[in-house]
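Given below, in the form of structure tokens, are the structures.
Below are two complexes that have subunit A in common, paired first with subunit B and then with subunit C.
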Partner chain A sequence: MADIEIEIDGKMVGAKAGEMLITVTDREGVSVPRFCYHKKLSVAASCRMCLVDVEGAPKPQPACSTPVNEGMKVYTQNGKAKASQKAVMEFLLINHPLDCPICDQGGECELQDVAVEYGSDVSRFSEGKRIVPDSDIGALIQTDMTRCIHCTRCVRFGLEIAGMMEMGGTGRGEHLKIEPFLKDGIQSELSGNMIDVCPVGALTSKPFRYELRSWQMHSMPSVARHDLVGSNLFVQTYKGKVKRVVSADNDWVNETWISDRDRFSYEGLTHENRLLEPQIKVQGQWKQVSWKVALNYAIKGLNSHVLKHQKANQLGGLASSTATMEELYLLKKILTEVGCDNIDHRLNVKNLNNTIAFDSNIKLDALEKIDYALIVGANIRLEQPMINHRLRKATKKGADVDALNVMTFDFNYPLNTQNITAPNKIASTLAGVLKSIMTSNVQELPDYLANVEVDEVANNIASKLLNSNSSVIILGEHIVNNEDASTIASLITQIAHNANSKTLNLSITANTIAANLVGFVPQNSGMDVNTMLAFDMRGFILLDIYPQYDFHDLDAAVKAFTPEDTFVISLNSFKDDIVAGYSDVILPIASIYETSGTQLNINNDMQSYMAAVKAPDEVKPAWKVLKVMADLLELPGFHYADSTQVVAEISHQSYVKHIHDECINLTSKHNGVSTIWQSSPYSIDVVLRHSSALQKTKIGQINSACMNPASAETLGLSANDKYLGVPVVITSTVADDCVFINANHATHIQEQV
Partner chain B sequence: MISIDAKKQIDAWIAKYPKDRKSSAVMQALKIVQAENENNLSADTIQAVADYLDMPGIAAQEVATFYENYNHKKVGKHVIRFCHNISCMLNGADDLIAHLENKLGVQTGKVTPNGFISVKKVECLGACVGAPMFQINDDYFENLTADKIDQIVDNLK
Partner chain C sequence: MNEACFKNLTKDQCYSLKTYEASGGYSVWRKILKGELTPEHIIDELKASGLRGRGGAGFPTGLKWSFMPRHSDGQKYVVCNSDEGEPGTCKDRDILRFNPHAVIEGMAIGGFVMNASVGYNYIRGEFMEPFYRFEDALKEAYEAELLGQNINKSSVNFDLYTHLGAGSYICGEETALLESIEGKKGHPRFKPPFPANVGLFGKPTTINNTESFASVPEILSRGGQWFADIGVENSGGCKLFSVSGHVKSPANFEVPMGTPFKDLLKMAGGMRDGAKLKAVIPGGSSTPVLTAEVAMTMTMDYDGIEKAGSMLGAGSVIIMDESTCMVKVLTRLAHFYYDESCGQCTPCREGTGWLYRILKRMIDGNGKQCDIDLLLGVQGKIMGNTICALGDAAATPVESFLRNFRPEFEYYIEYGKSMVKG
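And now, the complex of A and B:
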């Protein structure tokens, strides 16, 4: 595209031939009013608000759909342009109610802003206005469709971005309404963005309804902490409370969208289950005490149970991977300073000798340029919505996607093939892919591939990978506890190496990349989490852990933490009966948006953020708590004034990467039905579990143990039964020998059955 | 939901469009399915058509609610679609609609109690040259007058 020059309001500006006039005016800071145009959506040119005068054109032209040409002369402010804009404004206001005082959009309404500038003081319309009935479209979005001006941004958002067209324009002429078809409400995991794109008050946030005006709130930039992307957002606060979260633009990370999970999780912060005061357990009774007393009690306990007896090797530190990088680093530093090497964050991994050592080497913006993707073991749309969005963009440009999953999942783009494979067959299928690739490349086959059979599925995937110029292999969460996890990861590494593919590790989430960077794993010959739980430990420091959700084996965890002579210091943000059962001290720590911190995302961007609100009551940011604990333990090197100094220290250190041996073992024969337990997408961390609106959505209520009829027969289950406390769903979409559980409640219910 | 026979008819229409544009057949498919279901479309039948054509339900619903030839509730044996757009309106459509309503004893949008005739006010049917006009089932009747309407309606079987 050639560079050209055009004239806007008498000023010469550069442009690219063929781009739309409105992109040029936006870039140049020339204000052109618009409603239907949105930079990330297709051009509808339906509102006509952006009419401008183009010299030589008999009628005013819509800037959003007028391509620029060399020498074009545009007037955005002359009589003709102004008159057209004013006329369009008058039409748009004919049916728009004058209910701004009770409209949630008031103060941040595009229609209101433009009306002030282009509207008339007096309405000439004395006929009756139309009224459109509202439909209940779910727990997240409030509708007031009488206010709708039919810009169709929400319709186009559904079709083009969310990948599921849920809203549509039904009827015709004056009877046109924007509404969803089925009464089930909106199902998309990105639906909240419709609130952001709606230029009027037709779609507003339901949890935020009638709360505040936008100008009353402070807006703090922050980072979402529920997935591997770390979407950028603004946290809007009022009198020290988070009132709303909206997306922030960052093309490198989340473009302009955020997932519903990131948008509505803030509701959990004000849940009545928040832990607000430090507590100590004295003779089996919990007492609320001051920080000073609690910390002294904690340090005394730590000294008397562990340190005094030189038993640092019987102390353990475990953390949730949702913690900030600073928290993980400081806890690790305390532990190593007192001589403890037993550190781990991989709480949900059954067999730590069989782990996924696997690096991502593709960035988010490169992901949308790939031409082939192989997804292994992920329901990627719900587990990593923003990464799935990038993949979807790639498919729109023609990329093929194959899935190798244990059951059929809903994708919002067409898959090339969705191969339903039993958990114990995934490794052999991938070995077949590797063999097929190496055979095509005329390479010498390693011994372990000698007896591998290459089926059609493997051949197809292999040829796709070989014929692709930029492919990616995605490893998902469902593999974490697969009996062949490390073999699968190694095979993928080999396949990627031989087919020149990139790899993406989605088997981890939240801040796990930071936990790995700061080395929050066993040091030297320290114990891993499962060894600690089986060992006779004297003390634990636990960072925001809720065992019934975080550990794969709740019983083992509770058993390890409970003994009288095991001193447990828990730093938690929410109350929990099981935590209260085994802890000796519980320290209330800040949750999301209440602490400064750093998130390391899949791009390896170190995204630091400030606290948006002060933590409630006696709650303190965990990094400060850990710093004071270190001071009380009289450990050197903890003179931090704020958390940025911690980050600076982390960046100055080099970390040894744990290199795992390539272990490919295709001989293991595990038969029988295997269970894959996943928390449902809105139950993966403690804040989400307390976010009431999210829990009311369809995704929030996912709670099923899916199995095919043969597995159900093997297990002796029928459709009304429960399996491990989760309602059984019998469907032939699940692979043989597999139960796929997506549960929105704690695993401890399985113990009661 | 869609009979085998209807599917055959729809397939014939799908075959007229490029392979990845199955949804182009939506208007005909809705028409075929409507004919099978007592001349009206329910939300479920619209969804079934959408599923058959690999398109979102709401997209089929948009089409089904845009055009006047789809019915969304029970209609009579004969459906009179009375145009009330500009040409017909200027030529007295409103009075004629009132006349028809009086004659049948039924309001537009409703069915006569015996289920024989329903009347709908519709947008332009593209026959302005013969305004005022209406359509009964698949036939157009133009240059209407009160007498002519009486005659046409009385002759319906």
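And now, the complex of A and C:
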């Protein structure tokens, strides 16, 4: 890779012609101070802190914007370089308030660090200092703009990464002010990264404000658990509490960014709704008991209701897909050991022969190199922010993106076309695409395509796919409960096969890929979730389930769990009235960052993490609870000293894949108004629903049942009504015969509190 | 005198197409349209003429034009910098008012040489009269089929647009000017890449000053050697000087390079009210100030002014007589740069305000003797450390005023009042 040699401070080093000097010095470990330069942002060359002496150049040159060439001689430490660096440092400090003692950035401030080496002990500036008024930019970011040094990293982050220029520089000269253009504050789903890129205390974390000094905290590497990416991050803790989360670098996964969801969800951990003690229900009354009593009660109940009567076929195990891979594996192992095959994690899915096992065969870094993407049924920017970020990078290099959605969503890149299509028309449009492709390829058409009409939308998509060298078709969450879900998934598989496209399954989230890997699905001829809920069951083991948010049919679930002779063991991390209503034992389990575990992301990276804090009070990691339950049931093969042994055991097993049947049925027409029910982005799991700052943001406030005027008329609804408990919004941006619900379940929790 | 840009100055309606064509205007352009001139020939003539950029930096125009990748694919642009904002200069304003067609023809020739089919003339926001004059001339040129697509049935295309600024000194910096045309804030770009490779809208672009473009047609019609012979070694041709300040008849004068300063002063009617000359800023407010003794022996050409310790700059000669308080002049200049800094890079954003505040404190009677060294220290820390030349422009006067007139500053600090005005 090195094709030239340059001399830095008397040492010859290899470099690539044309790369910037600062890239070389960083690689070689030569320290050059900087503020505006950020390796993932464009070069601004405006702070002038990285000025160095280049032989032959009359003026000092900024290392960040000076391309290297053969034989170049650079001095980063000589008199000329140091004088320039010290000059810039002095200018940066004259108007800086130097209020480090009350600044949250203190101790992790780039200005503070560099000032130690380049600053002067005494200021020569005796004029009045500049004061900059602050604007409230929302619940996540605290501004103290008097501290701003105008490096414009936040501005460039917004423009280049978040895709929305929300911060900008207004005014000129000394009056240049970095501020949001709109009074509504910052709206981006990636906004928290501005805190990380800000080199000073101008932008800091609002929930963390005045909490602690950075050096007081322990920093533990961990993995985010709210989406398919598993962003790498550092969990910062103090006296056993999570105090802050910041991003960690991993180019393969999240580069250097994390979503606001991953950054601020930790706040939910200390919510008063946390479940802290084991409890058992005795004669309809809840009693807080010790673990020993609770576990014995659980095992006794399991034995008396199910196992003693050889009724393992009437026992069911259900788990949330947010569970760790170890938890899913151990619960499955217990169930199969006691002879139970009724296992499932697909709780919210009406039609189980659908999208869940749809293949993803593209990795994150490949996603940013595609030249065409078709998104089917996803508000991808809010649902999978970090995957959308890769897609946005592809569009910046010229990729085209088409959407096939039930309503218009805000994208942070231009779409080629945004095709608003009714839920019952998506399958026929895709069939048209397939027919168009097969016709172009001069292939024999299968019978089911014979009578399919190919409209302009289908033709355009087909020609884009055929003319692309590297395309991807993305299947989104809005398809999960579409009546045609399995047809849609099969059609996309066929289209991808015939157009040589990659596919990406975003209809699943969190740790679903791990659940599929360990085979947390019906075994042998076991029942699936929907069958279980309709069957006469004698017992359930439920892992972190909250029926009113997790099941598409709440009533069926509650009905199945409630009968007197059905023994229900619930492992939960948060309190929930409905869970308390039907359970016989509730065991408090650790939430995110409180347990070791493994996340399997869209790249198939098995990312294991340690617990960053000990779970509060009597709360235990679920994998340990499950292990003890197995011991009490006297099951063999549960001698694990720690969770890594569980992962090792999983790794030795072959990949258990849930097979999805190809089935294309274009005749089943669902008529009338269909409802697409989608949790709003900040209420998809129980921790997020309890994270207060996130709930205060614009995205956190999303709670609407959108429909067009015609659908509203059909349903007899007007703008002040509620539909399925969600406020109605009438907008012509929704397709015909469709209600798109983006429900914020956290509103229920706030009402309860 | 008045041989190139101002040659029609005294004629009736000197700005009209009729007058311009009657004196041989557009003859070079018509030759190009007929295919009688090659880009190589034009560049050679310009090199021979010794024409150097009239905007301030003095870079040889012929050489600059030869740097453009004229054979590369894609759009290229020529841009005329008529954002004449340097305190003391008003020459481009008069070219636009009295000889707009020379600018149009010069830009069209530039477009042909550099294979750029589109040009922009960026006119300073306050120049309403020149703007309308130029627009009228542009209309005349289009009507006479001298601009447009396949001009006069040739294969030559050249469209020219006027862009009116919005009142910012920094937009006279060529890359800030490009940003401004693109609709962005006028922030200078860092270099490399240079505009010849990545310029307007990311395309190869050449930017020249109004006077440079306006000189081109006359040079090409009378030959490079003719122009070179008017001037002196290393400074070809004639040049417009804007003489302002304490003279009887402040005005623009187009005189041969190498004209002695004292002759130029005479042309401007000499000192007002018979006062004694005290100081001269020879090239606009960002060039070093000179004392009377030095100025009176200087010749007005690149080398002559450099030898005297300053720069020719844009040819804006500011004359100050004995009644001038140099502390107040410097304070006024410092305020100008403080006000006009774009704020993008640290030394200029913070340093210009610091310089102004120290001087303001001095004027208010609160100066300290150590402030003089502080001023020198601060200007030295701005100098050479910024993205564009505005930082240097703000620093230069401070250094030269203190070097040449230090006792006045010491007096002001000591007594809290001006040495000159009492």
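As a convention for this text, the second predicted complex is superposed on the first by the 736 of 753 C-alpha atoms of A that agree within 3 Å, B and C clash if a C-alpha of one lies under 4 Å from a C-alpha of the other, contacts with A are read in each partner's own complex, and residues count from 1 in each chain.
Going forward, a contact is a pair of C-beta atoms (placed from the backbone, for glycine too) under 8 Å apart; a residue touches a chain by one contact, two chains touch by 3 or more.
Please read all numbers here as calculations on a predicted model, not as lab measurements.
When both complexes are overlaid on subunit A, subunit B and subunit C end up clashing with each other. Look at A:Gly173: by the touch rule set out above, it reaches both subunit B and subunit C.
By the touch criterion stated above, A:Asn441 is placed in contact with neither subunit B nor subunit C. Look at A:Thr562: by the touch rule set out above, it reaches neither subunit B nor subunit C.
Of the two partner chains placed by superposition, only subunit C is touched by A:Ser65; subunit B is not. Once the two complexes are laid over each other on the shared chain, residue contacts for A:Phe181 go to subunit B alone; subunit C is not touched.
Of the two partners, subunit B and subunit C, it is C that touches more residues of subunit A. Of the two partner chains placed around the shared chain by superposition, subunit B is the only one that A:Met165 touches, whereas subunit C remains out of contact.
Of the two partner chains placed by superposition, only subunit C is touched by A:Glu90; subunit B is not. Only one of the subunit C stretches 200-208, 326-334, 344-352 or 380-388 carries C-alpha atoms that clash with subunit B in the superposed arrangement, namely 326-334.
Across the superposed pair, subunit B and subunit C both touch subunit A at residues 169, 171-173.
On the subunit A side of its complex with subunit B, the touching residues are 159, 164-173, 180-182.
Contacts from subunit C toward subunit A in the complex involve residues 168, 170, 185, 190, 192, 338-347, 349-354, 357-358, 361, 374, 377, 380-382, 384-387. Against subunit A, the residues of subunit B that register as touching in their complex are 43, 46-47, 56-59, 61-62, 65-67, 123. Across the complex, subunit C is touched by residues 43-49, 51, 58-60, 62, 65, 67, 84, 87-88, 90-92, 94-95, 124-125, 127, 149-150, 169, 171-176 of subunit A.
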